[in-house]
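Each chain gets a letter, A, B, C and D, in the order it is written, and its residues are counted from 1.
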Amino acid sequence: ENMNDLMEQKDTLTQKLEETELRSRVLEEQLVGAEQRLEENQEEQENFRKSLRTLLELLDGKIFELTELRDTLARLIEEAS
Amino acid sequence: ENMNDLMEQKDTLTQKLEETELRSRVLEEQLVGAEQRLEENQEEQENFRKSLRTLLELLDGKIFELTELRDTLARLIEEAS
Amino acid sequence: ENMNDLMEQKDTLTQKLEETELRSRVLEEQLVGAEQRLEENQEEQENFRKSLRTLLELLDGKIFELTELRDTLARLIEEAS
Amino acid sequence: ENMNDLMEQKDTLTQKLEETELRSRVLEEQLVGAEQRLEENQEEQENFRKSLRTLLELLDGKIFELTELRDTLARLIEEAS
């Protein structure tokens, strides 16, 4: 090979390298973005479950109060006999 | 006492007896009526209590179904973790 | 009729009158008793219904609270979308 | 520059290019993985919400049945008056 060929190949490689490095940076940003979204999803999911657990406790409270109510009704019926 | 006095007393007694017998019959009817009303009340009361017991069973059923519902919610929350 | 017959009839009437007056008093007491029991029943019945109305209000409260709970669940589900 | 320098630079560039292309492929795989996980999360989330909507319908049903029950109780109380 002569000098001109080598210089041409070097230029080609330099350009490819710049393109590949750019592509890498873009992919890296996209990956960081995707991982952030995953983390936000996890957090939203956990908050959603926390809210649902609170609601579950409320529901347990209502069921307990309804049970007390049915006990009162049972007592009233028997006392009226 | 002479005959006239005796006959007068007998008439008075006969009249009083008729009045008292009438009063007795009236009281007897009123008593029968009151006892019938008491019996009807008892029956209505017993029917009322029967209906309430049926309602109590329905309420028990609803409480059971709500408990199953809360169990399903609890399971869904945990499975989503 | 002679004096003796009249006196005998008067005695018989007097005795019958005493028996019928006694019977009347007994019936009167029984009637008072029956009417008292009717009145007590009415009162017990009214108290029973008052207690049931209070229970009905409690049940209305529970139903309202369950409705708020279902609204919260509906909102959480939609907000999580 | 002489031929040897140029050949050395070309070798260095070639190596860097291979490393950067490798890095790009790794990042691409990681990105595909992260996006798959995001998609799976979305699907799980949607299924979770579907299950919750079904549960919400069940709860609506229970509330409706409890309302019918309280109406029956109200009617029984008034009919007993």
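Observations on the model:
Everything below uses one rule, namely that contacts are C-beta pairs under 8 Å (C-beta built on N, C-alpha and C of every residue); 3 or more make two chains touch, one makes a residue touch a chain.
Just so you know, these numbers come straight off a predicted model, no measurement behind them.
Counting C-beta pairs in contact, the pair that comes out ahead of the other among A-C and C-D is C-D. One of A-B, B-D or A-D repeats the interface of B-C: more than half of the contact pairs, counted by residue number, are shared by A-D.
The centroid of the Cα atoms in chain A and the matching centroid in chain D are 6 Å apart.
One simple way to say how far apart two chains are is to compare their mean CA positions; for chain C and chain D this gives 67 Å. The set of chain B residues that touch two or more partner chains comprises 45, 52, 55, 59, 62, 66, 69, 73, 80. The residues of chain D lying in touch with chain C in their complex are 45, 49, 52-53, 55-56, 59-60, 62-63, 66-67, 69-70, 73-74, 77, 80-81. In the complex of the two chains, the chain D residues touching chain A come out as 3, 6-7, 9-10, 13-14, 16-17, 20-21, 23-24, 27-28, 30-31, 34-35, 37-38, 41, 45, 52.
Contact residues of chain C toward chain A in the complex are 44, 48, 51-52, 55, 58-59, 62, 65-66, 69, 72-73, 76, 80.
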